[in-house]
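Note that chain A is present in both complexes that follow, paired respectively with chain B and with chain C.
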Partner chain A sequence: MHKIHRFFLAAFAATFFLFGSQASMASKPSIGFVLVGPHNDGGWSMRHYQGFKSLEKHGYESEYAEMVPEADSERVFRKLARKHDVVFGTSFGYMDPMVAAASKDKSNTIFMHGTGYKVIDGKLDNYNCRLYQARYLTGVAAGMLTKTNKIGFVGSHPIPEIVSNINAATLGAQSVNPNIEVNVIWINSWFDPPKDMDAAKTVKEWGADVLFTTTDSPNVVTLAQKESTPAKPLWSMGNDAPMNSFGPDRYATGAMFNWNLFYKSVMDSVAAGTWKVNRSFWGLKENCVGLSPWGPNVPGEVVNKVETVKMNWINDEMDDDFPFSAGFTKQDGTVVKAGEVGRQGIETMQYWVKGVISDFPVK
Partner chain B sequence: MRLYLEKRDHIKAFSRFPVLTIALLLAIFMSFLVLWSVGVNPFEAYLIVGEEIFLTDYGWQDLLVKITPLLLTGAAVALAAQMKLWNIGAEGQFHMGTFAVTWGALNFGHLNTFSLIPFLLILSIIGGGLWGCIPGVLKSRFGVNEIITSLLLNYVAAAWVDYHLFGDWRDPASNNFPITPGFSESARLPNYFDSDVHAGLLLALFVILVLTFLLKKTRIGMKIQLAGDNLDAARYSGISIGMLTLIIFAVSGAIAGMAGFSEVSGVHYRLQQNISLGYGYTGIIVAWLARNHPLGILLSSFLMAVIFVSAEILQIEYGLPISVVFLYQGIILFTVLGSEIFVEYRLRLQKIV
Partner chain C sequence: MEFLVQLLIAAVEMGTPLLLATLGGVISERAGVINLGMEGLMLVGALTAFVVMLHTGSPILAVALAAIAGGLVTMLHGLVCLMLRANQIASGLALTLFGTGLSGLFGSSLVGKTFNPIEDIPIPFLHKIPLIGEAFFNQDILVYFSYFCAVLTWWVLFRTRLGLNIRSMGEAPEVCDSLGLSVLAYRFWSLVVGGGLIGIGGAYFSIAMNPYWVDFITAGRGWIAVALVIFALWHPLKAMAGAYLFGLALALELRLQTLGLNVSPYILKMMPYFLTILVLTVVTIKNARRDIKVMPAALGQVFFRGLKN
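And then the complex of A and B:
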């Protein structure tokens, strides 16, 4: 008897907990989000996590699941949608699972897909930030820092977002140093540290002395710190988040995301009842992307130059689609005139600009 | 004082029951400690997980969808283990099943369901079966250790699928992301009761039934069990061990291939990376827990599916990091699998004089 009694007590406590927690969230819309990596990966997923958690001080509570495989995600989206007003998924591969979950969901839950391109009116929106803008600035820094005129990239997946980033860095480097060559090694994964390190070593052996990555691991930073010598100095650039702690001496800067303000604007619009599909694409001007803090050994003239370009950009001297809107030459020699490539062209970019020497991966 | 293990004289069929019960209780107790140490009320956590899985319609759906591939991969491993053969390659055979099915669905998507679905099923049987034949032939012809070959072939199969995903099968509309185009409607398995549960579950249950019948009631089943119990006796009685090994591996591979068919045609409707989520490896645990008994697989795949599904419930409800969830899952597997030794052995304490 005693045991049964206790069982009911526990059940009662559990129900109370459930309803209690829901009641406290009723005032403001709540968030459920799904991360493809661990919340403390030091890169992409961590920045999203920090963005969502920063909303707690504005009264938007959130729950999440991390390391959710893309092939197993639809279930998790639907589970979160039953509890929360807005469900966020933050990986390109979540696109079709989110479309499926959103079309099956009969409640008022709103779905927000980070990156990707599919929307459902009144139900599913997608969003991204213009990381290529920050990547252009890191390219300017790389063009000034390199002695070998060779820049190496560890690439994740050759989707347009990543391709446009590498192209932007190349154009940035060429703006200060026309002899730049860029080499890309793909690992075909977002997060695979051993493969990542092999790729980083390969571009280093090729002669690159500034190492970039578009993956979520800081291996290029570790490698630059470990193998840099006074005769052959190496520099590293972080990705998505500040990565300087992994190799502070040879860290230059890095392109990174700041999701806090963007996520706040989404939740504010949901709270106000004005949310609609609008495919947000914020950039430097809205502070959705930026540069991570400079490493201590970067020469002052480099910092000065890059910060000047950044300031001018924020002051609207360049438009949002810069550098692509200014015109460029493709790898095959085709000339793209100013104004020809806009947002649409950036979001479907599947070619290299001149200066990237790797072959473009199969389409 | 000395602690040692002593082999039990006779193992009663029933003697697994108390051992397993104690193991489960121990697992629950230890997972209580883990949950408690991260500030979660363990009673409440178990109640919520139980409620989410068993007292909601979506909980049952998720569970049944998750059980489906585990039934098949578990059966694949268990069949080989009946003859004391280790098929560690269910993962690769699963991948080759998905590969064959995707080839069929992409090239013959215009056919109607009634001809296409059986055709895809046969393709998955061929794909997984042929892949299973490789360690089978190597074992029966050359005596190569099947654990090594079947395991290593998993990586080859995954690389083979990737090769097509990153190459000619890549959906042109995917902006260079490695996924194939979606399957046509006719290549998709029907769902039941407006839920996510699909025909793959029936297929899996049917396979288990057939397997039970085959092992218990037919000559070949008897041969397999004889060969499993005593290889030399089987050889002297005139059974061709080499041929039997090959057949077992082919059928085992075919069953794992069917799991691949059920996943791509029943859940994803396309091929993409990491579609398996380790079902082939989990199948080994499923078979082990079931003592390779086909009906036991029903229970053990149920347990594994609960563990799978509880992961995100604990994360979402309590904000636990996935590592704590892995720890909790690991404890359950460790105690339950580790307890097996006490079925055959008992712990003895001896005083050294």
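And then the complex of A and C:
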């Protein structure tokens, strides 16, 4: 996801950014990685950080810089490239600075850009994970949990990645409950906790009893915990990372990233000398995305149903581009046939599926 | 009707931290000191309150220590721009950067922790008033405290000798000086008390609104408060109206979406700032004709004894 907001955060704190542990001269290739937020932001950057740190037990040492503003990142990439074999940048906004750093770099250093679309053969690759697959599963759970048939989203920015996630959740919910309505309140920021909380309240006022977020702030979880009553139960879904600590009683599950295996595969291919540009887009099968642990109060039938769908998917009953590859109806009534929307369609999605009642936002 | 009630509730909630910070800004600017460090001070207040709430569970202690922390950090600003007579703008901006870094540094180990936010306390009878009752009289203690602060600030500034002295420091410090009042003391303590209020404004975020810690939890609200001080024409009661108006603008941005009105978010986002420019323009033009100055005449000026312009 494109954490452009971090620019502002980071601009203020640019002078405070720290370089992490020094990499030792191990025989295995070493990693330099750049985070757009703090390494413990509780979401996006934290998951990347955990992914890289999990490689230490495999002998891949790493050094990192956090809260690096996009405008200032080229310098950091070049600095890390002088010392390390692979340099990772984990924000959409790093795309052009990484391209610049990679094209100026004369060494054998490999550059890896998380999200984005630019590549340089033999030098710079990009990668992402299919979070919409996990979001579909949370949608299935939401479709079974809701009593009002209304699902609410606190939306960050209406970029294709977020739009496809909301559409996937809608299709997932409709697969078990055709009467589902989905409403999205955009805060137009990756990060604005006060406004985020107000947006969560707004979708709750609208009648949603399952609350999703696409931001890293756990407000939907806090709100569900605080305002759920036996007569009007509320459920919350996390994003990017587990958020259950913020409201354990009313937490259902959440779509989240798990970069460990992907980062290990990249480093293994570099160590073996087989690395090449291939624009990885891993999903459930490769365990690059998944569900955060189920909340204790989620009914067993919901857990069983969702875990069954997940296993079927992993066992290839659905393809990678599902649910979009199966065909669907757009909000305006246009029918999209099976197979019409593939990876490219998902990566450029700028419309709602039927069931989302909000207008598609104007720019 | 329900829509309006919820909108007003949200407007008051969004407006409360703005109001507290704006009052802090009004007090120090009335004494002639610009404080652009509001964002940083709010973050310091937010962090302090969060830590205290996490460990003691006492909102009163959390708010008190947030005020003290805000005041202490503001003393740096006072030291630099009042005692050492450096530029107030530069020092204030530095204070924002400092507060942001400081809160990030000490907050980094708190990510993921949470507690129950402070409860709403309905005021008997008053909270049953249609429309405004729920919004103004069924809120948490900090909201009521902000009403009290607004009225108290107005009373002190405009109805007491102390307030007259404070305001004089912002209009004609050299006159005050020749009358034997300590410009430095008045300005310094006005600034520090203001910093305390700004700290309490920050506390509202972490103990009432979002009971968890993330870096930069105020998300730029301190800058809105800087604009609000001007918008309110340095008046505590107008600050109250202004804060709720800005709160309304923030709450409306989200709720317009549920009404199906597809307005560009950028237009809504710039509304508070646009309104500030508009009000300032209108008031300045109106007052220029009558030869009245709204802005404290000595605002931002360094005071040297014996220096004549």
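Note that the second predicted complex is superposed on the first by the 336 of 363 C-alpha atoms of A that agree within 3 Å, B and C clash if a C-alpha of one lies under 4 Å from a C-alpha of the other, contacts with A are read in each partner's own complex, and residues count from 1 in each chain.
The criterion applied here is as follows: a residue touches a chain if its C-beta (ideal position, glycine included) is under 8 Å from a C-beta of that chain, and two chains touch if they have at least 3 such contacts.
These numbers were taken from a predicted model, which means no experiment stands behind them.
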After the superposition on A, what does A:P38 contact: first (chain B), second (chain C), both or neither? both
Which partner does A:N188 reach: the first (chain B), the second (chain C), both, or neither? both
Touch check for A:P218: first (chain B), second (chain C), both, or neither? second
In the overlay, answer first, second, both or neither for which of chain B and chain C A:P361 touches. both
So in the superposed three-chain picture, is A:D72 touching just chain B, just chain C, both, or none of them (first/second/both/neither)? first
Once the structures are superposed on A, label A:S30 by its partner contacts, choosing first (chain B), second (chain C), both or neither. neither
Now for A:K83: first (chain B), second (chain C), both, or neither, which partner does it touch? first
Do chain B and chain C land on any of the same chain A residues, and which? 13, 38, 40, 188, 361-363
For chain A, which residues count as touching chain B in their complex? 10-11, 13-14, 17-18, 32, 38-40, 63-72, 75-76, 78-80, 82-83, 92-93, 96, 117, 157-160, 163, 188, 348, 350, 361-363
Touching residues of chain C toward chain A in the complex: what are they? 2-3, 6, 10, 13-14, 17, 96-97, 100-101, 104-105, 108, 111-114, 116-117, 205, 209-212, 214-221, 250-251, 253-255, 257-258, 260, 262-265, 269
Complex interface listing, chain B residues touching chain A: 41, 43-44, 47-48, 51, 58, 62, 65, 162, 166-167, 170, 172, 175-179, 182, 268, 270, 272-275, 277, 309, 312-313, 315-317, 319, 321-323
Touching chain C in the complex: which residues of chain A? 8-9, 12-13, 15-16, 37-38, 40-42, 183-189, 191-199, 201-203, 205-206, 216-219, 222, 226, 245-246, 358-359, 361-363
